[in-house]
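Step one of this worksheet: look at the structure below.
Which chain is which? They are A, B, C and D, in the order written, and residues in each are numbered from 1.
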Amino acid sequence: MSTPVLEARDVSMVFGGLKALKGVTLTLDEGKIVGLIGPNGAGKTTFFNCLTGLYQPTTGQVLLKGKELPGDPAHVTKAGVARTFQNIRLFPSMTVLENVLVGRHSRMKQGPLASLFHGPAYQRGERAARERSRELLAFVGLNNLDDELSRNLPYGDQRRLEIARALATDPAVLLLDEPTAGMNPQETEATQQLIFRIRETGVSVVVIEHDIKFIFGLCDSVSVLVQGELLVEGSPETVRADPRVVEAYLGKPPEEVQHDVEAAAASAEEEQA
Amino acid sequence: MSVLLQQLANGVVQGALIALIALGYTMVYGIIQLINFAHGEVFMVSSYGGLATFTLLPDDLKKSPAVALPLMFVGGIVIAVIVAVIMERFAYRPLRNAPRLAPLITALGVSVFLQEAVRVWYPNAKSNLPYPKVFPEGSLTLGTINVPWTGVLLVVLSVGLSVILQTYVNKSRMGRAMRATAQDPDTAKLMGVNPDRVIVLTFVFGAVLAGVAGIMFGGYLNNINIDMGFQNGIFAFTAAVLGGVGSIRGAVIGAFIIGLIKTLAGQYMPGGTQYDYVWIFVVLILVLVFRPQGLFGEPERVRA
Amino acid sequence: MRKHSVKSAAIVGAALLVLAACGSNKDEAGGNNGGSCDTSKGTLTVGVVAPLSGNLSALGIGIKQSAELAVEEANKKCTVKGYKLTVSAQDDEANPAKGAQAATKLSTDPNVVGVVGTLNSSVAQTVQPILRDKKIPQVSPANTNPTLTRGNDFLTAPKRQFDNYFRVCTTDDLQGPYAANYLVEKAGKKNIAIITDGKTYGEGLAAELSKQVAKKGGKIVGSEKVGEKDTDFSGVISKIKALNPEAVYYGGEYPVAGPLSKQMASAGLNVPLMGGDGIFDPKFIELGGKEGDLATSVGAPTESLATAKAFVDAYKAKFGKEDYAAYGAFSYDAANAIIGALAATLSSGDWSDAKRDDMLTNVGKYSGSGATGEVKFDQYGDSTNKVLTVYQVTSGKWKDVQTGTFSG
Amino acid sequence: MSTSTVSTPAAAPPVEQRSALAPLGKPFAAVGGVLGIVAALLPWVTFGLKDGNWPDKSTLQFFDAPFAVTGFRWHVLLLGVLILVAAFAPVPSKGRVVRALGWGLAVVSFINGAYITVKGGGLGAITALDGDVAFGSIVGLVGGVLAILAGYGIGIELPGQWKVKLSTPVAYLVLLVSFAAVLYAVAAMLTTGGVGTSNPYAGAIFLSFLGFAGGVLAALSGVGFIRWLSVLSEEHRVFSVIVLAACALLLPFTEAGNEYWMTVAANIGIYAATAIGLNIVVGLAGLLDLGYVAFMGIGALVAANFSGAATAHFGITLPFPVAAVIAGVVAGIFGAIVGSPTLRVRGDYLAIVTLAFGEIFTRSAQNDIGGITNGSNAIPGIPPLSLFGAEFNKSFSIGAVKLPAGVLYYILIVLLVAATMAVFANLKFSRIGRAWIAIREDEDAARAMGIQTGKKKILAFLIGATLAGLAGAVFAHKNGTVSYESFKFMESVTLLAAVILGGMGSIPGAVLGAALLFVLPEKLREFEEYRLMIFGLALIVIMRFRPQGLIPDRHRRAELADEDVGGVPVDEVHEVPKEAKA
């Protein structure tokens, strides 16, 4: 068996007296899509923050292709893990193209002096970055909006732009935090197709989502997080059938659970500090 | 030893004055994240307000401190509150949704304007003005330590008022509304809190405390000038940051720390009084580097 | 309609500002107001560069108004035949760069015959070369830094710095040592503590004083500094008190000195505070200067000088208040030196740029009796008036206790 | 600008003021315009003033030659005519234009009227006195107010949008003419009221001119011309920059080319260059710096110590370029040191660290730390720069044209400002600049994009401080003395105000901001002790009506189209600050 592209071993996170994560382990194999579900406050976003270096796990380690990740978001990104945010965090007064160019930051070489003098090498690098950024924008379906301010985009486009920006870092692993939150069924469907296409380019994906139907239709494997603990891990079918999962979701069958979750989604912000 | 004790006493009195002003900074910052640079001028204006009140009193009342002094407090505080409310209403409120630095520049503009307005329009305010002698004379002497009674009163008022303020903010309904608005104005609004009222009230509280400080400043130091707001305002702001902006306890303790550093560094550190300010700011920088949220501030959690 | 109300408030506010700004400048209708003098040849201007806004404006406005008084009197007396004189006062905000702009503005006006100013020695440093290039005489009422006239080695190797620069006030190297002599020899205070405000004036004075104190066998027990905008001096006082000084010398001006003296007394440090001409002002006593405090000032006591009394009376009559501040009398003398030199210059022909050399020479040769005593300049541009008086606060008033010249 | 085509649902609709005034719009405009014209031809003062006639013979004596209209009366006449034209010709955004012109008319009338009242000693001066009548100012004011109301009656729409595309030569011509007009306007603004001390009414004339210029500019902006021009100049950026630089270098040849304005302009330039450096820190990276002038002070001190001045600490005299580079490097190192707490300290807390640093600097310089500042005596006598034997502070001739003293400094400083602008622009549109803006917008997201935020923030401080150090080196030689008093907190505040007033992150904004903050006080010297108060009030009013700055950055300008800040339409700023300055 080959080394998994991303591996979290026994990750725990304690805030003051609160144990947000208790020894969570997750494995992502190359070219797979893994889903992470769980009720509100289960620690999903905290787990993402630990994976991306925004938080330092209290114990445990995170490995990318067998190598431990550095404890700093910038270096994690450079190593090849990119993410989106639960509540979209674009750079609102930058243009669409500039947002993606910022994503290219860690793959560009120009230092302060080159930036100062705009020499030929600089120009080449800048042109290449722009080309790549436009490709990615086209890839996620945002054509001809280069000079629009990102804050002016409709909601769904902002989500897609955030994905393009993350892809611009040339990641091996892409972490998506609720990519379909607030989307209508058509948009959700389009997002699902987009994630499949991303996988086709060789990027492995971890998705947090409340929409259980979406997760089960998308993922190769699903992990369920409840109160900071990994409850179940396995194929969508196994997870769906697991009685503990149903129980964790208030003892209701999945369809009703999903309904509840959506109702709660409006106020589902307490997970972020 | 006696020098040390005397310097400690001096530092506490200086800190008490700064604390009264620092509370205004910290509360306003806590609620609308504005460094209200003009708050020091509110303190200055109140001092002149108190003096004006005294000047306008009939001669026989001037001679009885028991009447004149309370009236001066009332006059000074009323002027301070009026200035603060006008400032909030016409200078800051229209900028609530403006880019972050715009209200800061407004605050600096208000500060310059108030200072100059008093200088130009208050009679003879171009140089220091003596303060009326309606305060208790003499000093408290404990062994070798000597503190003027006005200094003692300043410390008592400062500590007493900050305890009252702390209790009010923690216990009362309006205090809860204040804390709610400070944490999340939008949610507080949904819960029926009127943020405008809360913010005005915050400015009013700050102005009342600055008003008390303004009158006591005149009484303790016997003279006032238009620069007093600026210098003490900078110290007060520093105190608020040192203690952790938004924290009432922090502002008061920060103020006392600053008062003590100033007197003790002037006494004992190399360079003496030449560099006493420098030490204040060095301590401030060190505190912020090792405890970025200030001594009593809430640590900032990364949002994601 | 909210914004309309805001706008109208802005307009009304602005209107009030404008009216207030000029309210005191009421002129009745009428044509040329040159009085009975012949002013057919036009108007010449005496420039003033001083801080007119900000926290030093009390001193600056005193300088400006005293110069205006001198000019008005000259116009009345037809001192300069054929010309009307006016004052153009420029604000330097006590800032060297702003001072340079103010000086440039004056220097580009061909009718400016001389400049009274500046208050701050640091501002003088930028103003001097600008006026020199245009050969405009500058007479300072307040710069006490000896380097301005005699260069960096003013004691050992004096060298004139600017041939257009004069001053009517005394310099630190006279006033400081004179005070030292008084303290050590006359008053018998051997242990002296120094407090300064860190600015050019106070620092220079204190430095010269301490040299002389050592020479005379006294001792500087401590040297402390208060911030320019400090108000509570308890820390400094406690520190000094522990050193048991017999007197405190303060290098600085009365707005700090008065409260400082008062706070010394209430902290139980009952020794006299002494200062230079910067604290010789009735306001010092009003702000807390206590009985027994001392100050030096230039010239003989005012009471013995008819010209000084005349200045005070005339000032009060013109401006209604006695706010000429510490340097008003000096400014009055400085303006008169320029006016006198101008009159001498124009006795041989009309004003033109060619007259500027004569003007400089004539200021150098000027001699008159002013509000501060004799006004005359030595080869460096310093005042020859080396008479100094020590004053003491006695029954709530400054009273002269010793008059003389510094002689080492 | 395409922003109006896409907007979020939350965007506020344009403010419509279809009130009871609607049917009165055109009649009011007509009456207002006519009153403006009449006002120009009426006498304004009932008698001659003591200081000489009010500018341009506004007294009854004027009726010897009533049609020789000059000065502010010419402005009033022009505004009246323009109001009539705007009201009845097909003009885009008619209401806006009429309103702007109305404000201009009202302000000019008000300022002149108020001054005459005050200088003349009462309302009799502008009404009737001793059988003479002079209602010019009141008629003008009424006309102006009517035109403003007419503007609201016609309706305030978004400014006009011009779609005209020009061929390159024509565009060049338009830009050339426009920038030449800007040069003319700047020179006119500097010289209105005369130079020197001769004109007792200079302040009033200047304010009146500002009112006129503001009204016309606001009208042009309402028509859409300004926006069209700015798009045009962005398309031809290189050409615009060259023409602008040429215009700046031509200023000495205009009326404003005298020693005084060269000195002022040089000082503005020094502060503008410093402000651009500060703009990197504040405008791009979003880090508030309240002690920035200290870096300029450090640069000035370094240059002074190597200048050969008598009190210089080091016995070495270095040629200016070398000293300037050292000054920049030293200031940059200090910048990096001051910036280093950013690794741990965030937001406003950093502001106080910088404030603390500024205070430490002034206090240390005052106490002659290390013997390098000469304490309170300052370092005087720094020799002026010279190049090929031409001393920079002397006048200078090219052939037969004699240029005023200080012109070489002016040219040096124009080049310095141009260089800092280039540095700023190149950085802004680069990988580094994008990283800074990303940090400003959302620091956590920036880190998640692989940006090492700490390093980048320190870099911002370093570069900003280096630019300030360079400017400080020029400052030292230009002023001839370096005193701690030139680098106090108030200076930092003024610089910050220049950046924010001009528009954060915007290059022309920083220059305009610095120019305003230094030209206004110079022009308002008449007000002497009221200057600082007016300065404070101006800051409040400008922030109230234009919180994003006068020339916002492209991005921020777009933000504005969506946000109705404080419920006030964006364009009103053009007129409003003017009254406040009165």
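FYI, a residue touches a chain if its C-beta (ideal position, glycine included) is under 8 Å from a C-beta of that chain, and two chains touch if they have at least 3 such contacts.
Chain by chain, the UniProt names read as follows: A = ABC transporter ATP-binding protein; B = Branched-chain amino acid ABC transporter permease; C = Branched chain amino acid ABC transporter substrate-binding protein; D = Branched-chain amino acid transport system permease protein.
Only a predicted model underlies this, so the values are computations on that prediction, with no experimental measurement involved.
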| item | value |
| --- | --- |
| Centroid comparison with chain C (C-alpha atoms), farthest chain | A |
| Of B-D and B-C, whichever chain pair has more C-beta contact pairs | B-D |
| Mean-CA-position distance for chain C and chain B (Å) | 35 |
| Interchain centroid distance [CA atoms averaged], chain A/chain B, Å | 47 |
| Residues of chain A engaged with two or more neighbouring chains | 54, 85 |
| Two or more partner chains touched - positions in chain C | 53, 57, 61, 198, 225 |
| Set of chain D residues in contact with two or more other chains | 367, 444, 448, 529-530, 532-533, 537, 556, 567-568 |
| Residues of chain B touching chain D in the complex | 29, 33, 35, 90-91, 94-95, 97-99, 101-106, 108-117, 119-120, 234, 237-238, 241, 245, 271, 274-275, 277-278, 281-282, 284-285, 288-290, 292-294, 300, 302-304 |
| Complex contact set, residues of chain D against chain C | 46-51, 110-111, 114-115, 117-122, 129-130, 195-198, 258-260, 263-264, 267, 310-311, 366-367, 375-378, 380-381, 393-394, 405-406, 475, 479-481, 483, 485-486, 522, 525, 527-534, 537, 541, 567-568, 572, 576, 579-582 |
| Contact set on chain D toward chain B in their complex | 282, 288, 341, 344-346, 348-349, 351-353, 355-357, 359-360, 363-364, 367, 444, 448, 489, 493, 496-497, 500-501, 504, 529-530, 532-533, 535-540, 543-544, 547-548, 556, 563, 565-568 |
| Contact set on chain C toward chain D in their complex | 2-3, 7, 10-11, 13-15, 17-19, 21-23, 25-31, 33, 45, 47, 52-54, 57, 61, 88-91, 93-97, 100-102, 104-112, 120-122, 125-126, 129, 133, 145, 147, 151-152, 161, 198-200, 203-204, 225 |
| Chain C to chain B touching residues, read off their complex | 6, 9, 20, 53, 55, 57-58, 61, 198, 224-227, 229-232, 234-236, 238-239, 241-242, 254-255, 258-259, 262-263, 266-268, 283, 286-288, 323, 325 |
